[in-house]
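To keep things simple, chains are lettered A, B, C and D as they appear, and every chain counts its residues starting from 1.
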Amino acid sequence: MLTDSGFWFVQVLNSLQLSMLLFLLSVGLTVIFGLMNFVNLAHGSLYALGALFGYSIAQATGGMWLAYLLAPLCVMLVGAILYILIIDRMRKAGPMKQVLVTFGLIFVLLDIQRYLWGTDQLGVTSGIPFSGSFEIFGEIYPSYRLFIICVGLVVFAALFLLLEHTRLGAEVRAGVDDPETASCLGVNVERTFFVVFLIGSALAGLAGVVAMPAFSAEAGMGVSILVPTLVVVVVGGLGSLKGAFAGSLLIGTTLTFGQVIIPSFASMLMYALLVAVLLIRPSGLFPARG
Amino acid sequence: MLKVEGIHSYYGASHILHGVSLDVGEGEVVSLLGRNGAGKTTTLRSIIGLTPPKQGSILLKGEETSGQKPHAMARRGVSYMPETRGIFPSLSVYENLTLAEGRRPGPWTIPRVFEIFPRLEARRSNGGAQLSGGEQQMLAIARALLLNPDLLLLDEPTEGLAPIIVQDIEERLEAIKHEGMTILLVEQNFRFATNLADRVYVLGKGAIQWSGSTAEILADQAVQKTWLGV
Amino acid sequence: MKTRVKLGVAVAASLMLAGGQAMSKEYKVGVLLPFSGVYAGLGAHIENGFKLGLEHYGADLGSDTITMVRSDTEAKPAASLAKTKKMVLQDKVDVLVGVVSSAVLGGMRDFVHNSGTPLVVANAGNDHMTGEKCSPNIVRVSFSNSQINRPVGGWLAKQGVKTAYLMAPDYAAGHQMMEAFKKTFTEAGGTIVGEAYPPLQGTKDYGPYITAAKAAKPDAIYTFFAGGAAITFVKQYHDFGVKKDIPLYGAGFLTSAAYVHVQGEAADGTVAALHYVPAIDTPENKKFQDAYQAAHQKVGSEFAVAGYDAAHLIVQAIKKSGGDKDAFKAALSKAEFNGPRGPLRIDPATNNVVQNIYLFKNEFKDGKVVQTILDTIPDVQDAPNGCSM
Amino acid sequence: MRSLISFRPALAALTLITLLISWTNAEYFGMEILAEIAVLALLAMSLDLLAGYTGLVSLGHAALFGCGAYSFAVFTAIWGWPASLSMAAATLLTGLVSLVVGAVVTRVQGIFFIMITLAIGEMGYELVFKTRALGGDDGLAGIPRLDLSAIGVDLNDPGIFALTLILLVAVVYLLLLRLLGSPYGAVLTGLHDNAGRMRALGLPVQLYQTSIFAFSGALAGFAGTLSAQHTMFIAPQLLHWTTSGEVLVIAILGGLGTLVGPIIGAALITLLRHELSDLTDYWGLWLGLFLILVVMGGKNGVVGWLEAGWRFVARRGAQSKSTARRSNDAAG
């Protein structure tokens, strides 16, 4: 097994798949963190909402494609409501109160999910694209996992272009660097915050709906994914796309190969990695603000 | 152009400005002098809206603007260059400039600021963090001009710069002044300020202590000594 | 403000008119289930089953009535213990029923053991609770972890499976289930070629484990997963295309009636063992499923059956004991009846249920999963394992 | 201002009296609730030392609480040590563990501090969850309570146990009040307001932070030994980060950096939880909303609201007094 190159290649794909899922989740969170200095613990709940909306849309339309499109938009709408009601008012309240309010929000969103979708596991069994598998180096690999990897890479590329080569991107980076000066140059920093929060929410929703056919959807699925996502954000460094990408790859790889090599200590390894990174680089690997 | 009347501003709980009043006429260069902690920067921050005053009024071209957000002030034609210069390290020189460009119509464009500051053109794709202090200062001024402001607020443009660069900046600001730009300038450098300004306000303990023409303050040793320590 | 469900009220009222007022008694049942948290779904199934059971059998009590007091255990041991104490000492319930998580049962065990109030366990399968930690006050009507898996080892070996790879979540139940299988499988001449215990919580990505299991090239994979983990595991196992070379077997929670429809095609070909399958063809099961599906628009799961049989058990014991506390407890330990799962009885030596274990196959036909029983292993009884009452 | 300084101890006394009055009226379940409140109050006070006074928000505090509980359980239930010795040893051990952890975690700040404590706490949780010798996820039973029969106190009586815990809360409150009033306490508060300036003043900031982390950890461990004695059974849940989150909620809801706030928060959350979960299965929704509203109210938790109310009343009182005096003057 240890000398089988096909085996290791598949594990590399596995780790990429997990990394891309973590990336979709963490990138929104990290930019919100970096730009607004806002700690949103309810980000995982938006992931769950993406999966659940996706489930309902797929049930109604009989296929996943509309769900991929609409579920992130639905989550974005929820994000907009949260922003207007809560986030915007808590922006200057300091991290402690933000942690608390969004911790409360976890409870609220969880019960709303339970009320609307019930407590049973939900999932779609038909109309899933790429549901087959393909052969590579003598190993069979599920096409859908490759699809998740592609979605992650496409989102990374799109965000890279958006951030590095558009005016909105420049405004976001300026807002992360120095929001006061940016606003003095005519950048409506608050509107930029809002747009970034919406994009971040939509990406969490996208992660949820993309994961749903391969996993399943249930109220509360956002809580268990929250901690790995936070770990990625902190290891990568706050506010940077590069950090989110690197952090996702690092954590995804650690978890996957940890599971293969020392199965019972894989998650422990993730925490140890976080501690080690922070002791060597107290602001993570690639923080947006030096 | 600008009329500030009796503004009171706070930093958190501490009361910084105790009823500051001043005005700046169209095309005028007015300098705000005073020691460290006199409230000079807070006055500029109050005007631009970063530290909105709790009392008093700020009239821009006759319109009340107190409580407006900074980005709205920028669009109304007030450009603020902070003491820290505020160069964005993760943006290139060019991106730093594009951020301000095109928000208001006017004579200033990127090719034009490159004419005045050719050094910036040479470094256009460098990151903001890689510039020297003088280059950062030039970039900050250039960026402020690109908003095509009616009123330019400059906070200590000479701070921490070598004398030869101070000289350079003075010449360029002189040129900008001759184009008819209205400037409110905060300075520690007495000579620089008096070279450039038409009128002077002296700020101390959060209030205006003296005001008059540049010629008057140059003649008044007592004011210089009491409030500026020159 | 407790939710109280009064049953048999009409019967009671009619008997009262007939002059039986002095005879009627009210029994209080304390229902301890998770209504929030990760096990909320199971809590709902068991409660639904329990209510249906009271509906079907409550009338047997004549003028006596059963009142339900319910409490949310949140699947947290400390909170559950406080609520158990409240039910016993303050609400003065006659019998407790419920408990999904084994940790919660562990937390309550000593208190229940020392109190005079019996507990009917409707899920938590920890072997020790009817083994070395058994108690005359604790009767289990659901299953024990080893009971489900023990018969499978020999059965699988008989099907010609020589080597197996084990996989289960890394917690007590996962290990107990695998151990029970391992023992009988190796005794029947089988070999375990590898084992993996993924974390119970976390990202639920089984791809790496499945790839590793496949690389070990066993004849079969034997697993235990439940709930969301089971869905994910079965789907991923299917997606990796391993099933045609290495068939998937498991404790029946793997393809539980509660969620096998979510697994869909992925469940096809999986063979599993459990104490209950909706496909059981008996009048008792038909009555249960018809009523359950009419009320809840979904198939009654093994969890619902545990709740249903718990109600049956309690009613039967009340009827036999006529309200006497000790007689009631004795009646619980000696109960015997036919439920939806077939014949079951309580073993007085351990207070664990004795029941059939069904081996069933999942097949995906016309867009639906059909479960068919391959084999029935009758009267599976746990050894006392250090239990002395 | 003076009235405000004495306001908090007065509030603490009032809270304590309320707890004692409810003790005299409590039925069996009430005793359980009171004991639960007392344990949570101790734990939340220990977190308040860190988060409220020193500005170190830890999401790994539950792991230290669990460390105290588990080591007490191992000493008593497995090794058969007497409970009194075990309590001391478990508290000391948790203090030592906290000292080591504190030396590591205080090297990072802000959100990174929150995350590193979360990570270390979760490592502890995973370790306990996986260790069969500690009962793994099934937990550990058979934990005895302290035997005070020599002085005629039976802690196995739920009422006496609850009363003892309430009195312990009072004692710990007074001790912490003294600690915070000392020069050491003044340094801690300074660290909260401006760690950078304190560092510039040449203060060994990290040393102070580590020491308070260790002290707070030891107190959390002590609360853990009491929790183990209360339920006489422990499970890994105790160490999970969500437990830390709940304790943080208690401290912030009550009022961070007030010491009395955590006691009030513990009582409030415990009661709300039990009452709400009897009313509805969706109690999390209401608890969450309540939490959001209190925090968004902008005051420092319940204590903040009470203080604002007290100031208002005091000002109104002063005003009416001065008006009265003025009218008297006019009359005279």
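In the analysis below, a contact is a pair of C-beta atoms (placed from the backbone, for glycine too) under 8 Å apart; a residue touches a chain by one contact, two chains touch by 3 or more.
Because the structure is predicted, anything quoted here is derived from the model rather than measured.
Engineer: For the interfaces A-B and C-D, which has the higher count of C-beta pairs in contact?
Structural biologist: Top pair by contacting C-beta pairs is C-D.
Engineer: Report the chain ID whose CA centroid sits closest to the centroid of the full protein CA set.
Structural biologist: A
Engineer: From the C-alpha centres, identify the chain that is farthest from chain D.
Structural biologist: Comparing chain centres, B lies farthest from chain D.
Engineer: I'd like the Å distance between the centres of chain A and chain B, where a centre is the mean of that chain's Cα atoms.
Structural biologist: Chain centres of chain A and chain B, defined by C-alpha means, are spaced 42 Å apart.
Engineer: Rounded to a whole Å, what is the gap between the Cα centroids of chain B and chain D?
Structural biologist: Chain centres of chain B and chain D, defined by C-alpha means, are spaced 51 Å apart.
Engineer: Cα centroid separation between chain B and chain C, in whole Å?
Structural biologist: Roughly 75 Å, centre to centre.
Engineer: Could you put a whole-Å number on the gap between the CA centroids of chain C and chain D?
Structural biologist: Roughly 39 Å separates the two chain centres.
Engineer: Using the touch definition from the top, which residues of chain A touch two or more other chains?
Structural biologist: Touching at least two other chains: 111, 114, 264, 267.
Engineer: Please output the residue numbers of chain C that touch at least 2 other chains, ranges allowed.
Structural biologist: 36, 40, 170, 199
Engineer: What are all the chain pairs that meet the touch criterion?
Structural biologist: The complete list of chain pairs in contact reads A-B, A-C, A-D, C-D.
Engineer: What part of chain C is in contact with chain D in the complex they form?
Structural biologist: Touch list, chain C to chain D: 1-2, 35-36, 40, 71-72, 74, 76-78, 81-82, 85-86, 89-90, 102-103, 106-107, 109-110, 126, 128, 170-172, 199-200.
Engineer: Taking the complex as given, what residues does chain A use to touch chain C?
Structural biologist: Counting only chain A, the residues touching chain C are 1, 4, 7, 10-11, 14-15, 17-18, 21, 111, 114, 118-123, 125-126, 131, 133, 139-142, 144-145, 214-216, 218, 220-221, 224-225, 228, 255-257, 259-260, 263-264, 266-267.
Engineer: Which residues of chain A touch chain D once you look at their complex with the stated criterion?
Structural biologist: So the residues of chain A in touch with chain D come to 33, 39, 86, 89-90, 93, 95-97, 99-101, 103-108, 110-112, 114-115, 223, 227, 230-231, 234, 238, 264, 267-268, 271-272, 274-275, 278-279, 282-284.
Engineer: Quick check: in the complex, which residue numbers of chain A touch chain B?
Structural biologist: For chain A paired with chain B, touching residues are 167, 170-171, 173-174, 176-178, 180-190, 288, 290.
Engineer: Within their complex, state which residues of chain D touch chain A.
Structural biologist: 51, 57, 104, 107-112, 114-116, 118-120, 122-123, 126-127, 130, 241-242, 245, 248-249, 252-253, 256, 282, 284-285, 287-292, 295-296, 298
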